[in-house]
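See the structures that follow.
Both of the next two complexes hold chain A, though its partner changes from chain B to chain C.
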Partner chain A sequence: MENIITVKDVTFSYPGEETPTLKGVSLDVHKGEWLSIVGHNGSGKSTLAKMLNGLLLPSEGAVNVSQYTTGLPDDIWEVRRLVGMVFQNPDNQFVGTSVQDDIAFGLENFGVPRDEMVKRINESVARVGMEAFLNQEPHQLSGGQKQRVAIAGILAQKPSVIVLDEATSMLDPIGRIEVIDTVRELNKKEGITVISITHDLEEALSADRVVVMKMGEKAAEGVPEDIFQQRELLKSAGLDLPFSLKLSEALRHQGVELDKSYLTQEELVNALWKLA
Partner chain B sequence: MEGTPFERRALHDINLDIPDGTFLALIGHTGSGKSTLIQHLNGLLKPSAGSIKMGSTELKAGGKKQDLKSLRKKAGIVFQYPEHQLFEETVEKDIMFGPRNFGVSEESAKQTAARVIEMVGLPEGVLTKSPFDLSGGQMRRVAIAGVLAMNPEVLILDEPTAGLDPAGRVEIMELFYSLHERNNLTTILVTHSMEDASRYADEIAVMHKGELYLHGKPTDIFNEREALKKAGLDVPETVQFLQKWNEKSGLNLALTKFTVEELAKQVSQSLKKRGN
Partner chain C sequence: MLQNVIIGQYYPASSPLHRMDSRSKLIAAFFYLFIVFLANNWVTYGVLIAFTVVTISLSKVPFRFLYKGLKPILLLVVFTMLLHIFLTKEGDLLYKAGFLEIYEGGVIQGIFIALRLLLLVMMTSLLTLTTTPIDITDGLEHLLGPLKKWRLPVHEFALMMSISLRFIPTLLQETEKIMKAQMARGADFTSGPIKERAKAFVPLLVPLFVSSFKRAEELALAMEARGYRGGEGRTRLRALEWHQRDTFALILLALLTLSLFLLRN
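Presenting the complex of A and B:
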C-alpha cells in the first residue's frame, strides 16, 4: 500500500508548556483511504492535523507528505498544495468579503488562472449546495453555512489530501450526511485521501480505518469493526458506543439471544428477523 | 443591514410562549433562524417588528434602549461559537468576569470559578491558561462554565455540545438537565441532536425558513417524520430503527420514550410475542 503521508515518532510541545501535547506519534496514511481520527477533547487531534500541512512543525520526529518534508522551507508550499485543511471553526479561515472572493483568494495563492478559477468556484460551491450565497459575506452566514463554504474553498483547490477537523459539527443531521457524501464521492471517484477528525461515531464507523488519540498518544489504530468492539478503550478515550452496538447490548440485556453486536441498523434488523 | 439591498429577513412572524420551568428544544436545519431567534431573547438583536417579553422585561420593535443588564443577568447564553464569548487573558479571569460585573467579591468569584470548572469536567490547572490556547472542546467547556458561574434563571444554549467528545456530550447534557430540575430553570436548547431533543425536552419547536414550523411534545413532533423531512430534519435514531423493524415485521410499534433501553424493551417484547 502506497503511503501519502508518514508521521514518524513525532513529539510536539506548544511554547511554554511543560508536558508535550504529542508524544511519539507515528502514523501512515494510505493513498486514497478515508481515515477517521477520534479521541477526547484535548487529546491532540487538531494539533496532529496542523502537523500534516506544516502549520505546526514537530519538536522531534518528522512528517512527510509524498516526497516532501514539512520541516523543509523549500518543501512547505508543495505540502500546503497537496494537503487542504478545513478547520474546526471556519471563522478563522475566511479572508474575503464575499463567498466568491474568499474562495478566489485561496486559488490566487496557488496561481490558478482566472478562467479556471471561475469554473472551479462555481463547481465547488454547487457541490456543497451554496450557489445562492456566492455574493454573501462569509461572516453573515449561519454556522453550518460557513462550514459548507469552507469545504467548498478547499475542494476548489483540488488537493490530494483533505483534512476535515470537525468540519461538519455545526450541520444538521441531513446536511451533515450530504456534505460527507459529497466528500466521499471525491474520495471514491477521484481518489482524494480524506482524514476526518470527528466526534461523530457513525461517521467514523464508515471510515476505512480509525485512529484513536488519547492524551497526546496514539492509543489504537485499525478498521472500525475492531476499534468499536473495544469497550474499555472507547470509554477511556472519552468515546461512546455507536448506536447499533449500544442497541445490540441493550437487546441482549433484555434476553434477546444475539450472536454478536452489530455495527449498522440494517444488519441488526436482519439478525433480529432471523430470531423471530 | 436594515434598509440596504442586502437585507435578508432571517425571522418572520414568530409567536412562541415558553412557560416558566419549561425545557424547550429548538431544532431546525442550518440557516433556519435558530441562532437569530435566540439572540433576540437577551436583546443582542432587536426585532424589526413585534416584541419579546421575558419575566417583567419587554423588548419592543422601535422601543427605547432598555435596561438590558437585569435581563442579561437572568438569562445566560452559551453561544454557538465559544471563542466569541471568551476574551480575558486567563480562563479564571474569564469565568470571574460575569460575577464580578454583577458585584460579587473577588474572593467569592474565584471560588465560583474553581467550582464551575470542575462541573464541566476540566482540571483546575486550566484556570491559569489563556482561553485561546485551549482545544475546541475545552473552550466550549470554559464558555459553559462562565455561564454557570452566573447562576442564571434562564439557560439559553446554542448547540452547546457541538465539539464535545461523545462522553463529554452526555455528561454536559446531564449537567444541564440536573441544573434545570434542581434549580427550576427555564431552558432553551438549540440542538442538531434529535436524541438530546427527545430525551430532555418537554416541548420541541421546529424552525423552517425563519418561521415556527411545528411546536409540540416530543411524542407529537417525532411522529411527523414526513413533515420533519420537509424541514430538512429527521427523527431520532431510535425511531428510525423502530420504523425499520416495523417494516420488516409488519408490526406497528411506537415509542413513548426515545431511549435505547425503551427501544430494546419494545423490540424484545415483540420478539417474545412472536415466539409464543
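Presenting the complex of A and C:
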C-alpha cells in the first residue's frame, strides 16, 4: 500500500527539557486510511501530530509527506497545504470574521486567485454541509459547526491528509457526531487520509488502524480488534477501555456466555439478543 | 445580554452611502476634516451645513443614531461656545453686567466653533455608521498600502484589527461566563464603594487575560498550520470595488472645497 506520510526514527525534545517528548518514533500512514493515534496526556501524541505538517521539526530523524520533507524550507508550504490540521478549541482556530472569510484564509495564504477562491469556498462549504452559513459570524455558530468550517477551510486547500488533533474533545455529543460523520464521509467517498489524535478509545474504534503512544514511544500498532485485546498495554498507557468492551468482559465474568469481548455496542447487542 | 452587542456603531441599511467603497468614504471623511476649517462666514457655514444635511439624509441613518455619537461631545461643544462668548472681545458690545461683557464677535465666534465641532463629529460618525469595521480596515489597508515601501507593517496592522474585531464577541461571551462563575462563588460586581467594586473585577480580569494569551498562542499555531507567512504573495477574498459613484462623490467634495475657497472672507 502506498504511503502518504512516513515518519522515520523521529526524536524530539522541547527546548529546555531534558527528556525527549518523542523517542525514535517511526510510522507509516497509508493513503486513504483512517489512522487513530491514541495516548494519555503527555504521551507525545500531540507533538507527533505537529510533526506531520511541520509545525514542529524533528531533532533527529525525518518526516516525509508524499515527496516532500517537512525539514526543508522549500517544501514546508506544500506540506502544510497537503496536511490540514483541525485543532482542539473551535474558537481559537477561527481566523476570519465570517465563515467565508475563514475558509478563504488558507487560500489567501497560498495566493489562490480570487475567482478560483470563490469557487473553492462554495464547493468546500457544501462538502461539510455548511452552505447555509456562509455569511455567519463565528459567535453565532456551535462548536461542531465551527469545526466543520475548519474542515472546509482545509478542504479548500485540496489536501491529501486531515489531522484531527483532539478536534472533538471540546464538543458536545451532537457536535462530536457531526464532525466525525463529516470526516468519515470525506474519508470513505473522497479517499482523504484521516489521522485522528485522541484519548477517547470509542473514537479510535472506527479507525482502520490504531497507534498507541506511551511516554514518547510507539507502544503498539495494529487494527482496532487486535489492539483492544491487549488490555494490560492499554491500561499501562493510561487509556480507558471502550464501554462495550468493559461491559462484555464484565458479563463474561458473571458467567454470561459470550464468544468474545465485543468492541462496538452494535456487535454486543447482536450477540446478547441471540442468547437464550 | 452580551450576545447582542453590535461591534462599532454600524447601522445596516441600503443607501448610496452604504454602497460606496470604503476607500472613497475614508478619503472623503479625512478631506472633510480639513475643509471644515475653510469656513469662516455665514455663507460658507451655510454651504457646509447644507452639504452635511444632504449627505446625512442620503445615508438613511436615523438622526437618533447620529445623536448617540454626538452626545459625548455635546458638553465640550457647549463649553467651547461659552468660552468664546465670554472671552472674545470683538465687535459691538451686546450686554454688560458687572465684569461680564458679551460682544457680538464673541457670540458669532462661539456659534461658528460649535458648528464646526458638530459638523466634524457628524461626518466622521457617518463614516462608521455606514461602513462595517471590517470594511474600514480593508479600506485602510489599501490606502496605506504604499507605506509598505517604508517598511510600515500595514498588512500586519490590518490583520491585527480584523482578528481583534473577530474576537470581540468571543471575549464578551467569555467575560460573561467568568462573571457568572465568580458570582456563583459569591463575587459582587454591582454594589459597594467604587474601591471595592474595582477590586471585585480583579478575579474577572486575571482569568480573562490568561485565556486571551492562550487563545493568541493557539491562534498563531492554527494560522501557521494554514500556511500563513506574512502579507507577501497573499491574495484577498474581500475585493474593494471602486465605482463611478465613488469618483462622483470625490468630485462633489472637490467642488465643495472650491466653493468654500471662493465664498470665504
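Here is the rule we use: the second predicted complex is superposed on the first by the 245 of 276 C-alpha atoms of A that agree within 3 Å, B and C clash if a C-alpha of one lies under 4 Å from a C-alpha of the other, contacts with A are read in each partner's own complex, and residues count from 1 in each chain.
As a convention for this text, contacts are C-beta pairs under 8 Å (C-beta built on N, C-alpha and C of every residue); 3 or more make two chains touch, one makes a residue touch a chain.
All values reported here derive from a predicted model rather than from experimental measurement.
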item	value
Combined model on chain A where chain B meets chain C, clash or fit	clash
Which of chain B and chain C A:55 touches, first, second, both or neither	second
Partner chain in contact with A:89 - chain B first, chain C second, else both or neither	both
First (chain B), second (chain C), both or neither touched by A:41	first
Which superposed partner A:174 touches (first chain B, second chain C, both, neither)	first
Which of chain B and chain C A:126 touches, first, second, both or neither	neither
Chain B versus chain C as contact partner of A:223, first or second or both or neither	neither
First, second, both or neither for A:266, with chain B first and chain C second	first
Partner chain in contact with A:142 - chain B first, chain C second, else both or neither	first
Of chain B and chain C, the chain that contacts the larger number of chain A residues	B
Segment of chain C that clashes with chain B, given the candidates 59-67, 113-121, 131-139 or 185-193	185-193
Footprint overlap on chain A, where chain B in one structure and chain C in the other make contact	89, 91
Chain B contact footprint on chain A (complex, rising order)	14, 39-42, 45-46, 88-89, 91, 140-145, 148, 166, 169-176, 199, 201, 235, 238-240, 243, 246-247, 250-251, 253-256, 265-266, 268-270, 272-273, 275-276
Chain C - residues contacting chain A, complex	3, 134, 162-163, 165-166, 169-170, 173, 214-215, 218-219, 221-229, 233-239
Contact set on chain B toward chain A in their complex	1, 28-31, 35, 80-81, 83, 133-138, 140-141, 159, 162-170, 192, 194, 232-234, 237, 240-241, 244-245, 248-249, 260-261, 263-265, 267-268, 271, 274-275
Of chain A, residues touching chain C in the complex	53, 55, 77, 80-81, 84-85, 87, 89, 91-97, 100-101, 104-114, 117-118, 121, 137-139, 153-154, 157
